[in-house]
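One chain, chain A, appears in both complexes that follow, with chain B as partner in the first and chain C in the second.
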Partner chain A sequence: MGSIAVPKPPRRYMSRRKREDLILAAILLAPATLIIALVTLYPFLRSFWISLHKWNLSRPQEGRPFVGLDNYIQTIQDPLFLDSLQVTLMFVVAAVTLEILLAIGIALMLNRPFRGQWLMRMVALIPWAIPSVVNGIMWKWILNPSYGSLNGLLYSLGIIDQYIIWLGDPKLALAMVVVADIWKETPFIMLLFLAALQTIPHDLYEAARVDGSTAVQSFFHITLPLIRPTLFVAVALRTIWALKSFDLIYTLTAGGPSSGTTVVGYYTYLKSFVSLQLGRGASVAYIMTFAVLLLVIVYQRALYREVRY
Partner chain B sequence: MRTQFRLIVSLAVFALLLVACATPTAAPTEAPQVQPVATEEPAAPAEAVTIRMLVRPDEGGNVAKYAEQFKQETGINVAVDFVGWAEIHDKTVTTLASGGGGYDIVFIPNANAFEFASGGWFEPIDDMIPAAERDLWLAAVVDMYTHEGSLIAMPWYSGGAHFVYNSEILEKAGVSPEEVVTWDDFMAACQKIKETSAAEFCFSPSAKYPGNFYYNFGSMVRSQGETFFDAEGNPTFQNGQAALNVMEMYDTGIKEGYFDPAGIALDDYETLIAFGTGKTAFMINSTWSATQANRNAELSAVTGNAGYILIPGAGEVRSGGYIYAGGLGLLKTSEHKAEAKQFLTYLTSEEAQKHHAMEGGNLPTRVALFTDAEIAAAWPGFETLAAQLPYGEFPPKFLWFEEWRRSAASAVQDVMGGRKDPQAAIDWLVEETNRLKAQ
Partner chain C sequence: MQLPAEKTYARKPRESLQSLLGRVLFYVLLFLLLFAILAPFIWMVISSISPPQELAATPPNWIPNEPTLERYRALILGPTQGQSIPIAAEKFVRALTSSLIISSTVTLICIIAGAGAAYALVRLPVPGKQNFMFGMLAAQMMPIIVIIIPLYLVMQTLDWMDTWHGMILLYSGFMLPTVIWIMYSYFQTLPEELEEAAMIDGCSRWQALLRVVMPISGPGLVAVAAFAFLYTWNEFFMALIFTASKTKTITVIVTEFSTQSGIDYGLMMTGGVIGSIPPLIIALLLQRYIVAGLTAGSVKG
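Now for the complex of A and B:
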C-alpha cells in the first residue's frame, strides 16, 4: 500500500527582528506583571481564602478553622449589614446621580468660550485635589452644630433662626455626607465630560442650528449620544468609588448617628478592625466585589455604545 | 548594527546605574587627621541599641523628655512613633497581627487591654512589679493589666470621668456646686439655670461614640450604683432603674431645653470645645479634657472658671463612674527586651509620673503621688479629680464590648433625637447586647 505524501504545512518563520521585539516586550512587561500579581492577584485570592475561614485576631488560640460559606451566611443574616446595604444604596444613588448631573452642567458651561475660562477650569478642580480625609475633617468643622460655618452663614443670612444639628439625625446626616461627597468628586467627573465635549465637532451643532434645532434638542440629540461612552465610564467609576466609600464616613460621622451613615465600606471596617473578625470582614468585601461586578455589567449593557462620527 | 547599538546602550545604562548606586566617598579633608596610636587592642564598638516605641501623642512631651534623659544615662536610643488617638487602635492591631512591626514597646489603652492580651502578643512582665511592690501601684490599674495571672503592661497613667462646672454660670444662677450631690439635684440646678437664663444650656451631653459610654451614659448609670452586665456578659441594666433614669434624663433634658441638643453629634473632645465656649454650665469628661477646660486657653475660653465636683449619685450611692488607664506593653517579638524593660521602668518611675502629672494631663498610677503636695500645687483641682478615682471602676472585659459601646451610643442618640422613647431604647439595647454576645 502506497503511502500518500502529505505535504508539510509551510513553517512560519518569525523574523529575527520580530522575535527580538517580542522578547524585549516580555522583559519590559515582566516587572509590571510581577508587581500586579503581587499587589493585586495575591491579595485578591488570599482574601477570598480568608473569607472561608473563621479568623479572629484576638482569639489566636481558636486557630483559623475552615468554615466554608459560614461567614457569608452570617453576614447576610446580620441586621446591621442589611441596614448598611440600604444606606449604601441611598448614598450611591443620590451621590452619583447628583454628581453626574452637576458635572455635565458645569462641563457644558466651561466648554463655552468666555473670559477667564482657563482660570475657572483650574479653580473647579481644586476640591478634587483635596485628600478625602482632609475633606471629611473640613466638612466636620463646617457642619459642627455649635460653631460650624454653615450654621453661621445661614443664620447671618436670616435663613435659619436657630442652629441646625446637621449630623444629629440619621437622614440629615446621610444627606450631608452626600453633599460632602458631591463637593469632592464632581470636579473629576466634570473633567471627563469636558474632555468628551471638546471632541464633538462644532459642525454638528451648526448644522443642527441651521435646521432650526433648539439648545435643548441639540443637547439631547447630539451632545448626550456622543458623550455616552464617557457617561458610561463616569457612572461606572463613580458607582464603584461610592460603593467603597469609607474615609469620608470615618472622619465625618463614624457611621452614626444611630448607624444612619454606616455604609458597607464602614461595616467592613467595623468587622475587620473593630471586631477583628477578618473572615467576616473579607466576606463582606467579596459580597461588595460581586455587587460591583454586577453593576458594571448592567451599566455596560445599558449605557455603552460605540460612537461613530 | 541595531543589536550592537542596543547592547552599547544597555551597557551604558547599566554602568550609570552602578555609579548611581555606589556609596559616595567622603570628600577629602584639607589636612588628614592623625589617628592616635592605640596602646592596647581596642574593643569592638558596641552596636548602639535603639528601642522602638508606638504610643499616642498626648504624652509626647513626657516621653520625649525621658527618652532623651534615658539616652544620656544609658546610651540607648528610643525611637518613638506617635499615632493619634483616632487611629492608634487600628495601627496597633495591624502592627501586632503582622508580627510586631519591629516595635519593642507598644501603648495599650485599657479599653483594648483584653483584646490585645488575648492575641498573646505581649511578654509577661511580672518581675517588673513584684508582689511586695504591688501596693505601691493603683490596684485597679494593675489588675486591669493582668491577663490570666500575668502582668502584660506597666501602668503608665490613669484617669476617669469627671464632673466639671463653669463657676461663673453657677454663680449667676445662684447654684452652689456643693449642692449638686445627686442627679435630682443636678436636674434642679438645670431648671434654675434655665429660669435665670444664666447660660444657653445646663449640660453638654456627648452622645457620639467613642466617648459616650465612658463620659456620659456609662458613668451616669454607674454613678447610681448599677452595672450593665453580669459576669457572663448577660445584660442586667434593664432590671434596675439607673439606665432608664439616665435615658429619661436625656429625654427630659432635651425637651426642657436643659441639654444642648448638639451633643447628639459630639464626641468627648468636641464636648470639651463646646463647654470651652462658655455656653454650658456642666459637662462630664475625661481627666485630660477636664484639665484642659481649666488650663488650656487654646481649647477653652473658660480657663480659671472650670471647677470639679464628684459625679452626682443617687440615694445612698454618693458617686461612681468609669475609669481608664494607659499601659506600656513589651512585645514578645522585641529583640531588645532587657533594654526595653529598663526604659519601661524609667518612664513609669515616680519622677517621670510626677512630671507627667504636673504637666496636667492624666493622673498617675503610683499611689504615693496622689498625696503629693507639689502636684496638688501645680494642678488646680487635683484633689477632687483624684478623689473621683476610687469611686470608679473599669468597664467590663468582653471582646464584643467595643461594638456594644457603639450600640449604646446609638440608643442614646435615638432618645436624644426623639426616635425612641427611653424604655424602647433600653429594650433595643438589651436585644443588641444579646445579639453581639451570641455572634
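Now for the complex of A and C:
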C-alpha cells in the first residue's frame, strides 16, 4: 500500500508535455536544418548528378549529355590528376607528421610551470587566428627570391652564398608550402596537447620515477597512452584539413611550378573554374569526398572506442 | 662524522649546475620558439611600415630607418594626389565593411539557430538523433570544393551572387554543423536538474531554456561565437567564387594588390596586417574559451 506513494501522472498530461516538447524541438531544429540542407545536402546530391554528365561551359553547343561514369574514368586516367594525388599525399604526410611531432615535443617542453607561460599561450594563438590567405601572402613575401627576408637572413648568417629561388623548383616549392603550413597549424595543435598533458596527475610520474623508470619509459608508458585520444583527434582532423588545403596554395604558389604544388583541391578548382569542365570537376570532387568520408567514418568509429576506454 | 656533510657539500653544486644548465637550455629553446612563431608576422608588420626603397634593399633593412604609415593612410583614407595604388586597394574599406557585416551576421545566426538546435538534440525527444549528429560531422568535414558547382547554380537561381545575404547564407550553412557539435557537447555537461526544477516551479520548457539554460551557457556561446566569426572572416574560397565588385571580402581583396609593374608587396603586407587585426583581437581576448571550446568540440566528440 505504502509503496505506491507517487501517483501515476494522468496520461493526458504526459502526452501534452511530450507533444509540446516535440513542437519545440521542431521549432528549434528547423532553421539550422533548413540552412544546412540547402547549403550542403542539396548541393552534395546535385553534385553527384552533375558528375554523371558531360558539361563544358566553354562549349555550350555540346549541351550536357548524360555520360554515366565517363567523367570518373577520364579523371583517373588523367596524368595531371595522378600527379595531384601524389602531390597531395606528399603534402599531407609531410605536413601532418611534422606538425604532430613538433606539437608534442613543444607541448612536453612547455608542460611545466615557468614565468611567462600565459604569454606563450597567447603567442601560440597568433598563427591560428590570422587568415590563411594572409599566411600565404606573408610567406610569399618572405620567400621572395630577390627581396625576401629568408634569403637575406640566411645570406647574412653565411648559411647560403647565393640567393635561392625558393618557389622555383617543384620539390622545393612543395617543401616551402609545408613550412608555411607548419607555421600556421603547429602552435594550435600544441595547445591541444598541452591541455591534454595538464590533465595527467603529476603523482604518476613521481611514482614511476621512484620505481626507477627513465624519462623515456615514462613518456611511452604514461604520457602516450593518456594523450592517445588527443593524438588521434589531432591526426585525423589535421589530415582532413590538409586534404582540403586551397587558400595557401592559391596565394603562395598557384599550384606551380610545373604543377609541383597542385594538390587535389587545387586541381578540382582548375577543372571547374579555369577550364570550365563542370562534369569533370564534380567527378574529382566526388572522389575526394569519398576519401574524406572514409576518413570521417574511421575517425568516428575509433573515437567512440577511445572515449569508451 | 664529517663524511655525510662533505658528501652533501660535494653533491649540491653539481646538481644545481645541472638544473641551471637545464634552465638555460629551456629558456634558449623557448626564445627560439617565440622567434619562430613571431618573426614572420613581425616581418609583415615591419614591411608594411618600410618605405618602398627600403623594402627593395638587399640584404633587407631589418629595422626601417624612416618608418611610414603612408600605406595605412592610403588603404583607409584613399590615395593622395599623384599616388598610384592598385584598383583593388581603393576598395579596401568597402571590403572591410563587407567582411564585418557578413561575419557579425553569421555569428548571430549561428548562436541562435545553432544553440537552439543543439539544445533540442540534447534534451528533447528528437527521432534519429545519432544519424543527425553523424550528418553534422560529415557536413563539417566535407570539402567545400565538392559542392561548389551546385552551390554556384543555387546562388545563380536565387540571384544571390555577389550579395551580403547570399554570403551570409553560405557561411551559416557551413558553420552551423560545427556550432551544433560544440554546443551539443556543452549542453551535455549542464545538469538537467536545473531545468527540471524550473519546470516544476511552473516554467514551460521554452522559459526554462531562455531563463535557466542560456544564462549559464555563456562560456560555450562565447567559444562558438568566436569560432563563427573567425571562420567567416578568414574564409577565402567561397568569397573568391561568389563575390565580385560589390561584396568582395577582405581575404579576396588582399590577394589582388598587383599593378602592371607587379605585385605591390608593401601594400599587400599592410592589407594583411589590417585584415589580421579583428581575428587577432578576438582570439587573444577569448583565448581561454577558445581552447576549452575546441577541446570540448573535438576531443569529447
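The rule is simple: the second predicted complex is superposed on the first by the 274 of 309 C-alpha atoms of A that agree within 3 Å, B and C clash if a C-alpha of one lies under 4 Å from a C-alpha of the other, contacts with A are read in each partner's own complex, and residues count from 1 in each chain.
Definition applied: a residue touches a chain if its C-beta (ideal position, glycine included) is under 8 Å from a C-beta of that chain, and two chains touch if they have at least 3 such contacts.
These numbers come from a predicted model, not from an experiment.
Novice: Kindly classify A:257 by the partners it touches after superposition: chain B alone (first), chain C alone (second), both, or neither?
Specialist: A:257 contacts chain B only, not chain C.
Novice: Counting touched residues of chain A, say whether chain B or chain C comes out ahead.
Specialist: C
Novice: May I ask you to decide whether A:275 touches chain B, chain C, both, or neither, giving the answer as first, second, both or neither?
Specialist: In the superposition, A:275 contacts chain B only.
Novice: After superposition on the shared chain, which partner residues are touched by A:146: those of chain B (first), chain C (second), both, or neither?
Specialist: The answer is both, since A:146 touches chain B and chain C.
Novice: Would you check which partner chain A:168 touches, where first means chain B only, second means chain C only, and both and neither mean what they say?
Specialist: first
Novice: Quick check for you: in the superposed arrangement, does A:300 touch first (chain B), second (chain C), both or neither?
Specialist: second
Novice: Go through the superposed model and pick first if A:286 touches only chain B, second if only chain C, both, or neither.
Specialist: So A:286 only meets chain C here.
Novice: May I ask you to decide whether A:59 touches chain B, chain C, both, or neither, giving the answer as first, second, both or neither?
Specialist: A:59 sits against chain B, while chain C stays out of touch.
Novice: I'd like to check the shared interface: which positions of chain A are touched by both chain B and chain C across the two complexes?
Specialist: 20, 144, 146-147, 273
Novice: Can you list the chain A residues touching chain C in their complex?
Specialist: It comes out as residues 18, 20-22, 24-25, 27-29, 31-33, 35-36, 38-44, 46-47, 50, 106, 109-110, 114, 116, 120-134, 136-139, 141-142, 144, 146-149, 151-153, 155-156, 183, 187, 191-192, 195-196, 229-230, 233, 237, 240, 243-244, 246-247, 250-251, 265, 268-269, 272-273, 278, 281-282, 285-286, 288-289, 292-293, 295-296, 300, 303, 307.
Novice: Which chain A residues qualify as touching chain B in the complex?
Specialist: 17, 20, 57-61, 74, 78-79, 144-147, 163, 165-170, 173, 254-259, 270, 273-276
Novice: Could you list, by residue number, the parts of chain C that touch chain A in their complex?
Specialist: Result: residues 26, 29-30, 33-34, 36-38, 40-41, 43-44, 47, 55-60, 109, 112-114, 116-117, 119-121, 124-126, 134-139, 141-151, 153-154, 169-170, 172-174, 176-177, 180, 204-206, 230, 233-234, 236-237, 240-241, 250-251, 254-255, 265, 268-269, 272, 275-276, 279-280, 282-284, 287, 290-291, 294-295, 298-301 of chain C touch chain A.
Novice: Under the touch definition given earlier, write down the residues of chain B that touch chain A in their complex.
Specialist: On the chain B side, the touching residues are 2-3, 89-90, 93-94, 96-97, 115-116, 118-120, 207-209, 260-262, 264-266, 270, 273-274, 277, 279, 399-400, 402-403, 406, 409-410, 413-414, 416-417, 419, 435, 439.
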